[in-house]
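The two complexes that follow have chain A in common; it is paired with chain B in the first and with chain C in the second.
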Partner chain A sequence: MDRGAEIIIPRSVGTAREPKIRQSISAWIFLIPALTFFVCYQVYPIFRIVWISFTDFEFLSTEPANWIGFGNYIEAYNDPLMWKSMGRAALFTVMFLPGTIIFPLILAILVDRVRHPLLATVYRLILLVPALIPSTLVFVLWKWMYNYQIGPINYMLVEVFNIFTYYNAPQWLGGTNLTLPSIAIMEIWWGLGYHAIFFLAGLASIPRDMLEAARLDGANEWRVFWHITLPRLAPIMMILVVLRFGTSMAVIDEYLIFGGFNRGAPTYTWTVYMYDQAFNIGLWRQGFAAAVGMIGAAVMVFFVAGLVYIFRPRG
Partner chain B sequence: MVERNEIELKLQEANRRQLLQGKIDRREFLSRSMVAGLGLAGVGVASKYGVGPAYAAEGRPLTPTFYDWIEGLHPGIPGVNERFPGINYQIAPVQGFGIERFVAESKKSDSTWDVYVGQTPFVEMTSLIEADVIEPWDNYIPADVIDDIIPSIREECSVNGKLYNWPFLLDVVGMGWHSGVTNKAGLVDSAPATWDEFLDGANTIKESGAAPFGATFDAHGWRSVAPLAHSRSSDVYTPEGLFDFTSDAAVEALVLMKKIMQTSNPDILLSGASDGGVNGTPDEVAFSTQRVGYYVKYFNAPLRMAQYWDDPKQLHMGPLPKFSGGEGSTVFWTTGCALFKHGQNKEKAAEYIKSLTYDRQIWKDSIAGTETAHVGQLPPYSSIYKEWGETKPDWMLPFVGLVRGQLDRAKAIDNHLFGLSQFQIGQPFWEAFLKGEESDPRVAMQNVTDAVRAEMNRG
Partner chain C sequence: MLEQDRKYEANTPQQAWFAKHRFSIIRHAVINLFMLIILLPLSWVLILSIKSLPDSMRGQFWPRKFDFTHYSYVFENIKTLGGNMTNSILVTGATVLLTTFFAVLAGYALVHLKPWGKTFVFTILLLSLYFPTRVVAIISIYELQDFLGLINVTSGLILPYITLNLAISVLIMRSVFQLVPHEVIESARLDGASVWGTLWFIGLPLARNGLVVVFIVNFVTAWGEFLLASTLINDQEARTMPVVLAAAQGGMGQWAWPRIAAVYIIVVTPGLIAFSFAQKLFFKGLAEGVVKG
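Right, the complex of A and B next:
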């Protein structure tokens, strides 16, 4: 073996590895901003909340927090109010979720059939209008619409159609049985156009010739919808169901605005309970509130997994 | 560039103040101004020669922060601010009584603000004390001002003999009525003396058709259960400062509420439209739309609602009616000022708050009303009422004497960590009686007490 060969072999290995290492280093360097953001903004708060949930941390207390293991979880598990409030959120989700899928789907199919380009664009723009209204304005608008004494809905029912009087007219908001359906209607209206746009995007991706071929083969519109359109929209439906399940189970702004902290109100859900404990009651038991939040999150993850399975793309 | 100019400006302002205070002479003032005028390069030199410490000693300008409704209802506040050049007036991030920002800053021994105007003792004062966010005013408030505060208000604002709330705006719960409605119903145009008379009148209004509803109230406990109980007896607090829901007075108050509800707007128990359901309540809608004759709430509510009437002069106000043999008391509270422990400019803050709370224009606007608001909130100082008694201003309205008179009999809700939340926790339980889900008021109130206790025992 000559000396040159001894030198050449390690060199060839070295030159092959160096670019890889360099590439790897440069990749990590480029990843640092995103990773830093991800860790600080996403990972750290979650771990922080998990840690807090195992302590007796009270925000207003000047005493340091103590590790109490699963104490908060056991207390939350045995707390009837937590489960009752979780049930209220689930009830709202049941009222809200079907409507937020079915109505936008129907609307999207109707708009998709408009062939005039200008009209199709105008309809799409109109659909998006509610989604562009700031949340505060939406809440003010619907709070007025539902107002028992001066709202236009009760005005129509009492003054125009004489179905009710001001002594027995429906009390839409503020703690009655109608409160959750009323909020669900508001939410469905608010998201109608936005969700319809999702379905319109899905409909646009279905090849027209596939639909035409089915019709030529004698399939009626219902069969076309059921066997071609709907399966093709399944991935979009899954995204919407999962996203909106999460938001409907975790609604809080609307509940605080429409129901406040009245524990007897149907709007007092687990999110409001968590907020109440963390920022309102006593010394603000944020350790316990964090445990309630973690349990709520775990329940949601369980159901989301189920929904992903049910709405998974098939065929 | 903007920042540099600001620094230069502040340095020059600090120099000017020190010159006026006689701390530096004209020669020193000119040299410092020249150095400061060099811009950022000059700042380093300025520090070396003493201008920097001068600026640091001055610190930031006086920085008060107000709950936003106060500014909206009292347009005279900017006039007070004009007397404090350089003041950094701000609106507090406390929507719905949220104090988390104050607490979070205090944990870092810091405070963006020097004084918070918007504190109500029974609502959040105890929390702010517990969290070590605020300190007493005693070292800063002039002795003559302390002595001038009406004794019951001073008691409300004190904990362990220390004044943690410098009172500003006084609210007292009483009743108002719409004389257009009551006259139409054939009622005497005067305040009902007893609750029985009140109920008779409310029934007459409803039955006569003078208005759809006879009487209404704000269903939040501190605005209904507590004042109605006080009208029977103000001795309704436990030694630790909780409201005694099982006391005879509280139970009678609950029964009375149910009787009033038979003549009231059916949505009376629903939550309000703003501030987490606390404000914009159904009673306000009923009274402002002239659909009800009698109204029980703190006096500024009927005043504000009557602004929407065809003829606001048809509003009349009176004290809360009494139970037969009752004490005839009511509830009052003040909205006042908290001094941040980690704030700055504490002497200046006291000077500002004194100026604010004694400002005659604010009180004139509050009582006589302005184009934008008629609040009816009153001052907490004896001397101001004395002054008005001696020389009655031409804008003075009769309700002021009424409120002042009520104050002598009124009592504030005791300060406690659960001062406000005990009413929030208990509401569904006493509402069970009001809605007919529980037939025994004592059982309902016992359930309230149990729920509050259970929550307190948690931690």
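Right, the complex of A and C next:
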């Protein structure tokens, strides 16, 4: 076990039991503030949602909710919009996930080789800048980047490269087909530096002599990367894939800000569908919304568990 | 091989230097391209916030005429702005302080006080990271806040905000406290220090780097939170800055582009300044708590 215990055991053999219980109680006093909030605002809401999803609960309705069993789940299962909106979330994940792993990996490998101490520090500082911009401010920033009137992206396309005119310049946001790729690019930009920092930490843990020895043995850079660097980075990469898969399947803020509640828009995913049902339409059918949310969360957790199983440590 | 060598054979000293550093130059060019991509959007907004009104409607990056009055203008003319700013500061400040405090206590207890059921607590906290609680739970959080009478009450946001990053904060503090040897804690206890004294004077200074990470992670989340703030708050005066900015449409008058850009810069700067003071500790903490943890 832990090394600390070995030193303490001889002294406390006789009175081991009583202080242990006392210690456990004082430890729980330390845990109580965090766990109280965790239970009230994370654990309880989930159980409450599960319960609501089996009722016809409507928030604004004055009638009491009735238990309807799997009624909401059956309705959601037969609802084409449910699966279409799941598909949209999956489509976004496919657009976003490869880029948010590969670009930071390339960048980290390049920055890792910078030997100049000042430059190396400056690069690392710049890498962290996007991670320090709070989520909504990133979305607002890119809402302006993509703006068709004053946005610099369309300015470049029209005035500098003359690919478009202002009449046929692409409309990036607002529920067009370009909206999901535009959001994916924004999210890749957001994670670029932060993920690179993760990879840099992994690269720093590779012993230099190992790389030198491989090069002296005649391995070229590609083989060094493939047989030494990549296996060493694999654990970090897998954590990022699992975490980012989860976040990208359950994106909601971006879709609410960029897409709105148009059911035909590619940003109308299961999260927006749930939100729309729970806080916008009619008497706020939260029973049905809860079922939509639970189905979406269950599918997501199923794939996350699959990824964790595939990436489980072996050997 | 020989063929290749001849190809790069240098005729002048300049060419020799270039041939020797070829890969280094390409590497730095690619790195700098990435750095430019990272920095350009933010610098574009910064420039926009000091453009004159006519220049803001033209696309050129560099304006013909600067106008630095937008910053004072927004505070004098957008009446609700000061209130929204105060809301954000209040909610974020309380959230960051409370979450960090709770996370320090819980992380310390999980590692050094060895409570009954610590493996269970750890597992539940870890599993919660893989469930989209933030999205799904909003329905019952709305109900809960409504029951507590906290709909449209800005300070009510603090309660759900604390839990946004609570699990990850506890896990970070846990892995940071694991780097503090048990012997150090135990010997302080045997010397007669109280549990609190040990944590405050022995544990916390050694966990400083992780503390900075938890602080910054919670600040960034609370300062930019949108979903809860826009769902639980309806009145313009009670709103926080992210919701105000997300709803702002660039146009005329108060909401002319350079003026919103000025508001944006005011909101985005505190985090960047705080980080520039704490960056050394932050990088160390990131390596200790997040990457190894």
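Here, the second predicted complex is superposed on the first by the 266 of 315 C-alpha atoms of A that agree within 3 Å, B and C clash if a C-alpha of one lies under 4 Å from a C-alpha of the other, contacts with A are read in each partner's own complex, and residues count from 1 in each chain.
One rule holds for everything that comes next: contacts are C-beta pairs under 8 Å (C-beta built on N, C-alpha and C of every residue); 3 or more make two chains touch, one makes a residue touch a chain.
Note that the structure is a prediction, hence the values are computed from the model and not measured.
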item	value
Contacts of A:S61 with chain B and chain C, given as first, second, both or neither	first
Touched partner set for A:Y166, first chain B, second chain C, both or neither	first
First (chain B), second (chain C), both or neither touched by A:F30	second
Touched partner set for A:V111, first chain B, second chain C, both or neither	second
First, second, both or neither for A:L256, with chain B first and chain C second	both
First, second, both or neither for A:P266, with chain B first and chain C second	neither
Partner chain(s) touched by A:F279 [first = chain B, second = chain C, both, neither]	both
First (chain B), second (chain C), both or neither touched by A:G202	second
First, second, both or neither for A:I150, with chain B first and chain C second	both
In the superposition, chain B vs chain C on chain A residues touched	C
Interface residues of chain A shared between complexes with chain B and chain C	59, 140, 147, 149-150, 256-257, 279
Chain C residues within the chain A interface of the complex	27-28, 30-31, 34-35, 37-42, 44-45, 48, 56-57, 59-61, 101-103, 105-106, 108-110, 113-116, 118, 121, 124-125, 128-144, 159-160, 162-163, 166-167, 170, 181-183, 185-186, 190, 195, 216, 220-221, 223-227, 230-231, 242-243, 245-246, 248, 250, 257, 261, 264, 267-268, 271-272, 275-276, 279, 282-283, 286-287, 290-291
Complex contacts: residues of chain A adjacent to chain C	2-5, 7-8, 11, 23-24, 26-28, 30-31, 33-35, 37-38, 40-46, 48-49, 52, 59, 103, 107, 110-111, 113-114, 123-142, 144-145, 147, 149-150, 152, 155, 158-159, 189, 192-193, 197-198, 201-202, 204, 236, 242-243, 246, 249-250, 252-253, 256-257, 271, 274-275, 278-279, 286, 289-290, 293-294, 296-297, 300-301, 304-305, 308
Touching residues on chain A, where the partner in the complex is chain B	56, 58-62, 75, 140, 143, 147-150, 166-169, 171, 173-176, 256-265, 279-283, 285, 288
Chain A partner contacts - residues on chain B that touch it in the complex	96, 98, 100, 103, 127, 130-132, 212, 265-267, 269-274, 276-278, 282, 285-286, 289, 291, 417-418, 421, 424-425, 427-429, 431-432, 455-456, 458-459
